[in-house]
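Following are the structures in question.
There are two complexes below, and they share subunit A, which is joined by subunit B in the first and by subunit C in the second.
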Partner chain A sequence: MEKVIIRLENVSKKYDKDYVIKNLSLDIYDGEFLTLLGPSGCGKTTVLRMISGLEAVTEGKIYLEGEDITDVSPIYRAVNTIFQNFALFPHMTVWDNINFGLKMKKVPVDIAQKRIKDAISLVKLDGYEKRYPSELSGGEQQRVAIARGIVMNHKVLLLDESLCSLDLKLKREMQVELKKLQKKLKMTFIYVTHDQDEALTMSDRIAIINNGTIEQLGSPREIYHHPKTLFTADFIGESNIFKAVVKKVSKDIAYVVTKEGLLLEVDNNEYQIDDKLTLIVRPENIQIVNKQSSNTYIGKIINYIYDGALAKMEVKFGDEKKALKVTLFDDKNYEDDSQVYFKIPKESITILGDNNE
Partner chain B sequence: MNRKKAFQIIVTLPVVVYSLLLILIPIVYVLFLSFLKSDSFGGIEYQFTLENYLMIFDIIYIKILLKSFIIGLLTTFICICISYPFSIFLMDKSETKRNLLIKLVMIPFLTNSLIRTYGWIVLLRKSGVVNTTLSSLNLIDKPLNLMYNNLGIIIGMVYTLLPFMILPVYSAVSKIDARVIDAAKDLGANKIKRFIHIIVPETLAGVFNGSLMVFIPAIGYFFISDILGGGKIMIVGNLIKNQFLTARNWPFGAAISIFLIVFTFLLIRIYKKIGGKLDELGGL
Partner chain C sequence: MEKKNKTLRNLFIILVYTFLYLPIVILVVFSFNASKMNIVFTHFTFEWYAKLFQNKDLLEAFRNTMIIAVVSTAVSTVIGTMSAVVLQKYDFKGKDLVNKLIYIPIVIPEIVLGIALLSVYTLFHLNLGMFTLILSHIAFSIPFVITSVRSTLTQLSPTYEQAAYDLGAGKIRTFFDVTLPLIMPGVISGGTLAFTLSLDDVVISYFTAGPGSNTLPLKIYSMIKTGITPDVNALSSLMLLVVIIVLVSITYIQSKSIQKRGKV
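Moving on to the complex of A and B:
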């Protein structure tokens, strides 16, 4: 069993009368890269700020390595934060910025110097020691912020949307570097973002946060392929969502009819006739086929877009009110308005239990 | 194009005329006066001399200058000591509260400062509000000397000049990114260390700006030293006023004035040297 480094126990946060975070419990393991992912305003940053201590907890407890730190001031908490806009000290050089925390903790100068040098070379900022933040690019400022955090040698680093102000290319580079850095340092990174790509590429585990609670917690693969709620399915990646009713059941297969009138075979999971289900199908799991078989329908291609590696299109079917999102990885050319058979493989359908929403 | 230029001239003309007539010409006149001789009847002899400037370095006047500087520095220092806590206190208050408190700071500006200074007599004199309150609380046996001395002058100066310090300091403090303060907290800096290492260096320009606006009037506000110092205490402001109105030695008064102007410019030069930006001084 992995060691729990941070435990949130029924944590709630109230602003005025509204709960921003409701009864949230979460175990974070030593050395993992955990991402809190959610839309803006979902409370993910509040969770991070409560772990850092910059935000007080209304109810519940926070433990760091088994020790209750709920009421410990951020000044004494052994965690560090990388802020969204990096929050570097503008009047200090790169060196002084990185040295700040060590100076506050009264680390002896010779040890501090060595640690700063190590941190600087780790984030590849050698030669930048005497520059001021205003003389650095966004990516460089980001590196200073990271160095300032890791130089403290604490076990946990909190990153608050730390990449979102960088341009796309730099962001991709930093994603890889951040992940490498985390593995090398064997530190626990808790990363907050609203960007699902970032979450999927970097994380060991993702916690999907919505309305102040955790919707789903799991590896990127689990989250992507087995969303447990409609929110997760919709938030992560693209998906086709069907509302359906069970019409007939056999031993292994349940036959359902969607609102749009598609008759689909799905894996039976002790469904009863008239059970309401929500079906989720990822666009890349839908196949374009030549001949009719089970779960196959005819439709008309619209909005065909070819972008090199893959082709995206929508397929209208039935009464043409709804279009399926389809992503193909083959290089075959399709014309808009052409008729095709599309197949929704039984195995690729994720079923959410009772049709709640 | 020509019409545009004509328009530009028309709108800027009043300001140019105003500056020329009421600022530049008087200063040039004062400069001119400062190099002339005064005769013994309070008149002016049109004869070049440096005597007026040399006279400033007479021990009597050096003492007055020193005293003025000390009063000015103390006033400035006390104003800084009040402005920082006030500005930091305002930092995490809601917008409405902040606006209200800043308006309260501004309210005294609506009344003439001379009248407000007279108001202090009611508070500070031996049978004034402060002394009667303290003695009725049995905190003092005999009334404190709160005015007609240096203390009175400093109280008056701080009171009159405080808004000029609070506004720039508050403006500088409120410009600090809250996340920078959070970052300092996160890295283990307590309140005092955050103040010394983050807030002070980030707001130096504001403090210097405020210091100029407090220190320079503080060495010149003769009416405060007249009223609350009881006319016994002379600061540079009184000295200049006396040269023009009482002693009738206009050239010497002019020389001290020019001396003060040069001194002010020196202060601004120092500010620039230590890396301050001029536009942060509000276009000085």
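Moving on to the complex of A and C:
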């Protein structure tokens, strides 16, 4: 069993009369990279700020290594935050910025110097010690902010949308580096983002936050392939969503008809006739096939886009009101308006019960 | 067409600056005039400046003015900065009203403020003199400092302070190590404003000065009752010089520190 480092217990946060966080419980393990992922305004940053102590908790408890820190001031909490705008002190050099926390904690100068040097080389900023933040690029500022956080030797680092101000290429590089750094330091990183790519590439676990509650918690794979709610399915990656009704059941297979009129075979899970289901299919799981078989229909390709690695397209079918999103690795070129058979493999269909409206 | 516009523009700028600076130039020029009359320039002399430095009354007035300006600037800058921080950071009942009340001392006629201060001193049986003068100058400077500091505070992202707390800095350390350096431009410009306001104040000082606490502006005011003489011109030119030196050195220091650390 992994060691819990931070425990949120029925935590709520109220602004005026509205709850932004409702009864949220979450165990965060020592040394994991946990991402709080959700749309803007879902409360993910509030959760982070409550852990750092910059936001007071309305109800519930927060524990750090088993110790109740709910009412401990941020000044004394053994966690550090990397702010969205980095919040580097503009009147201090890189060295002084990183030294700030050590100075406050009255770490002896010789020890402090060594730790600062280590932190600086860890984020590859050797030679930048005497520069001011205004003389650094966005990526370099980001590194200083990280060094300033990790130099404190605390067990938990909180990162608030820390990569979102960087350009795409730099962002990709930093994603890899952050993950490497976290593994090397064996620190717990709690990362807040609205960017699913970031969440999927870096995290050990992802907590999908929506409307102030955790929608789903799990590894990137679980979240992607087995979304438990419509929100998760829709928010993470692209998906084709069908509303369907069970028409016939056999031992292993249930036959359902979607609103669009597709008759599909799905794995039976003790469904009854007339059960309402929501089916989710990822675009890359849909196949273009040559011959008709089960779960195969005819459609017309529109909006074909080839981006080098992948071919993305939509396939219109039935009364042509709805188009399926399809992504192929196939390098075979399709023309818009060409007729194809598409297959929705039974095992790639994720089924949500009818409580998911 | 283009050229005509350019000429017009230059002409306009020249006119505005002439309007602003001609009187000052005349004042300075006539302070070097040998003639006692401010009408024709006869020939160049330092006579009036030499005379100033032999005038004990004037020197004492100058000393008083500097003491009042320095003390009142120091005190009002500290109080004003602290008030600005409190007003910016904390919410309390009636904050809106308090915010608006700050502007009243700035907008009410100086003469009213002068009389009001005088009434207070009389009420509390305070002897008029240097003390009451300093008190008055502090009083009318504070709102200017608050306004100046607040304008920089509102532009300051709260994340700097939060980052300081997050790194384990207490509130006092955070203020002196992080907030104050970042709002320094506002504090300095507030202080400069207070200093120049104190240096040239006549109206309020007129009401709150007592025997033996004459200030330079009051002295000049009493001197021109007998007509503008070249020594008044010389004295005014010197005051001008002091203000210019203060402003230039502050601008220089500020631009240097900005160069050093880049933009905030």
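Keep in mind that, in the parts below, the second predicted complex is superposed on the first by the 355 of 357 C-alpha atoms of A that agree within 3 Å, B and C clash if a C-alpha of one lies under 4 Å from a C-alpha of the other, contacts with A are read in each partner's own complex, and residues count from 1 in each chain.
Rule of thumb we're sticking to: a residue touches a chain if its C-beta (ideal position, glycine included) is under 8 Å from a C-beta of that chain, and two chains touch if they have at least 3 such contacts.
Note that the structure is predicted; figures quoted are calculated from it, not measured.
Peer 1: Return fit or clash for subunit B versus subunit C, each positioned on subunit A through the superposition.
Peer 2: With subunit A as the common anchor, subunit B and subunit C collide in the superposed model.
Peer 1: Quick one: is A:Phe89 in contact with subunit B, with subunit C, with both, or with neither? Answer first, second, both or neither.
Peer 2: both
Peer 1: Would you check which partner chain A:Gln272 touches, where first means subunit B only, second means subunit C only, and both and neither mean what they say?
Peer 2: So A:Gln272 meets neither subunit B nor subunit C here.
Peer 1: Which partner does A:Gln339 reach: the first (subunit B), the second (subunit C), both, or neither?
Peer 2: Neither: A:Gln339 stays clear of subunit B and subunit C.
Peer 1: Taking the superposition on A as described, I'd like to know which of subunit B and subunit C A:Glu135 touches: first, second, both or neither.
Peer 2: The second partner, subunit C, only.
Peer 1: Where does A:Ser250 make contact in the superposed view: on subunit B (first), on subunit C (second), on both, or on neither?
Peer 2: In the superposition, A:Ser250 contacts neither subunit B nor subunit C.
Peer 1: Please write out, lowest number first, the residues of subunit A touched by both subunit B and subunit C across the two complexes.
Peer 2: 52-54, 73-76, 79-81, 83-85, 87, 89-91, 100-101, 104-105, 148, 152
Peer 1: Using the touch rule from the top, collect the residues of subunit C that touch subunit A in their complex.
Peer 2: For this pair, the touching residues of subunit C are 157, 159-160, 162-170, 173, 177-178, 181-182, 260-264.
Peer 1: Going by the contact rule at the top, pick out the subunit B residues touching subunit A in the complex.
Peer 2: 177, 179-180, 182-190, 193, 197-198, 201-202
Peer 1: For subunit A, which residues count as touching subunit B in their complex?
Peer 2: Subunit A residues touching subunit B: 52-54, 73-76, 79-81, 83-85, 87-92, 100-101, 104-105, 148, 152.
Peer 1: With touch defined as at the start, can you tell me which subunit A residues reach subunit C in the complex?
Peer 2: Residues 52-54, 73-76, 79-81, 83-85, 87, 89-91, 100-101, 104-105, 132-135, 148, 152.
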